[in-house]
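Order of writing sets the chain letters: A, B and C. Residues in each chain are counted from 1.
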Amino acid sequence: MNSVKLHEMKKVEIIVRGEDLEFVLDLLEKAGVSGYTIFHNLSGKGSHGFHEGHLLFNEEDTLVMVVSVMPDKIVEAVLEGITPFLNKHSGVVFVSSVMVSRLAKFGKTEVSAGGGS
Amino acid sequence: MNSVKLHEMKKVEIIVRGEDLEFVLDLLEKAGVSGYTIFHNLSGKGSHGFHEGHLLFNEEDTLVMVVSVMPDKIVEAVLEGITPFLNKHSGVVFVSSVMVSRLAKFGKTEVSAGGGS
Amino acid sequence: MNSVKLHEMKKVEIIVRGEDLEFVLDLLEKAGVSGYTIFHNLSGKGSHGFHEGHLLFNEEDTLVMVVSVMPDKIVEAVLEGITPFLNKHSGVVFVSSVMVSRLAKFGKTEVSAGGGS
């Protein structure tokens, strides 16, 4: 029915303090992502999982969210890089499934997407 | 294959007028969410479901989106609180599945996530 | 268990240059969406799938994201309109599944949502 063919990819959303944006962008580029979008001037609150009772984010912090869509194999590289960082710094990472119409915008090669999750 | 284990949680996105932000944050805290992120200065348009023909948002309104990741049982409490509010006020709520790497950041206890929506 | 019944709909996220916002809003209205939210002042980077080596977005561009929740049949119309545009302009579109509590806010009629991916 669909005249536009859709392919499943993963959307990775990373929310960190503004001062940690460069670390995240470097990590994404080293992992091989083909692009990302940055949402600026967010705020937030939360308890830090590691040090109970500490705030994850202070209400005065300015946060950023970096969103990137990528194939599964790059998600693994991103998570392996970001997880140790989030053990020591404030921030969260979410992974979800999205459909995209043009694979060429999200990875160097056509991948067999759609199998997982 | 994944060296970082992922757990399924729910992402709740609530978009309301800026003046209603405090109501939403209070509701989330009472429901027991462990954190949230706020996106400011959004705009939007839409028809109001209850009063046909009325605008959901005026083009001049400044909207906010509050995003929070939580286990299923907290989603129910949030929806029970927000639904009566959205019957009378402008706004929308979306629930989707996301994977997170560290449960401790999103709920007080390890929950058996992943069973399904 | 849930006292609030949820229905599956599709969330469409479109990220384009700020100068292309009006095109996207016109397209959504012609496709019959009942509402949308706009995120302003985003930034980003990426390679253009069509012209290898070109940047999808320049780091100086100001981007916008338009988010809209709609039934499947409207997604098709939106994708048929946006895909030719994205072949010539910078931008990306993601489609994902979300649950909403009140169908009336997202489409003119009650649709049988929930069957599909």
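Heads up, the rule we're going with is that a contact is a pair of C-beta atoms (placed from the backbone, for glycine too) under 8 Å apart; a residue touches a chain by one contact, two chains touch by 3 or more.
Per UniProt, the chains are A, B, C = Nitrogen regulatory protein PII.
Everything numeric in this text was worked out from a predicted model, so none of it was measured.
Visitor: Turning subunit B onto subunit C with a C-alpha fit: angle in degrees, nearest 5?
Guide: 120
Visitor: Same or different for subunit A and subunit C, when you check if over half of the residue numbers at their contact belong to both copies?
Guide: different
Visitor: Averaging only over C-alpha atoms, locate the centres of subunit A and subunit C and give their separation in whole Å.
Guide: 19
Visitor: If I count partner chains per residue in subunit B, which residues reach a count of at least 2?
Guide: Each of 39, 41, 96-97 in subunit B touches at least two other chains.
Visitor: In their shared complex, at which residues does subunit A touch subunit C?
Guide: By the definition above, subunit A touches subunit C via 1-4, 6, 11, 34-41, 69, 96-106.
Visitor: Quick check on the complex: what are the subunit B residues that touch subunit C?
Guide: Residues of subunit B touching subunit C: 13, 15, 39, 41-50, 56-57, 63, 65, 76, 79-80, 83, 86, 92-97, 117.
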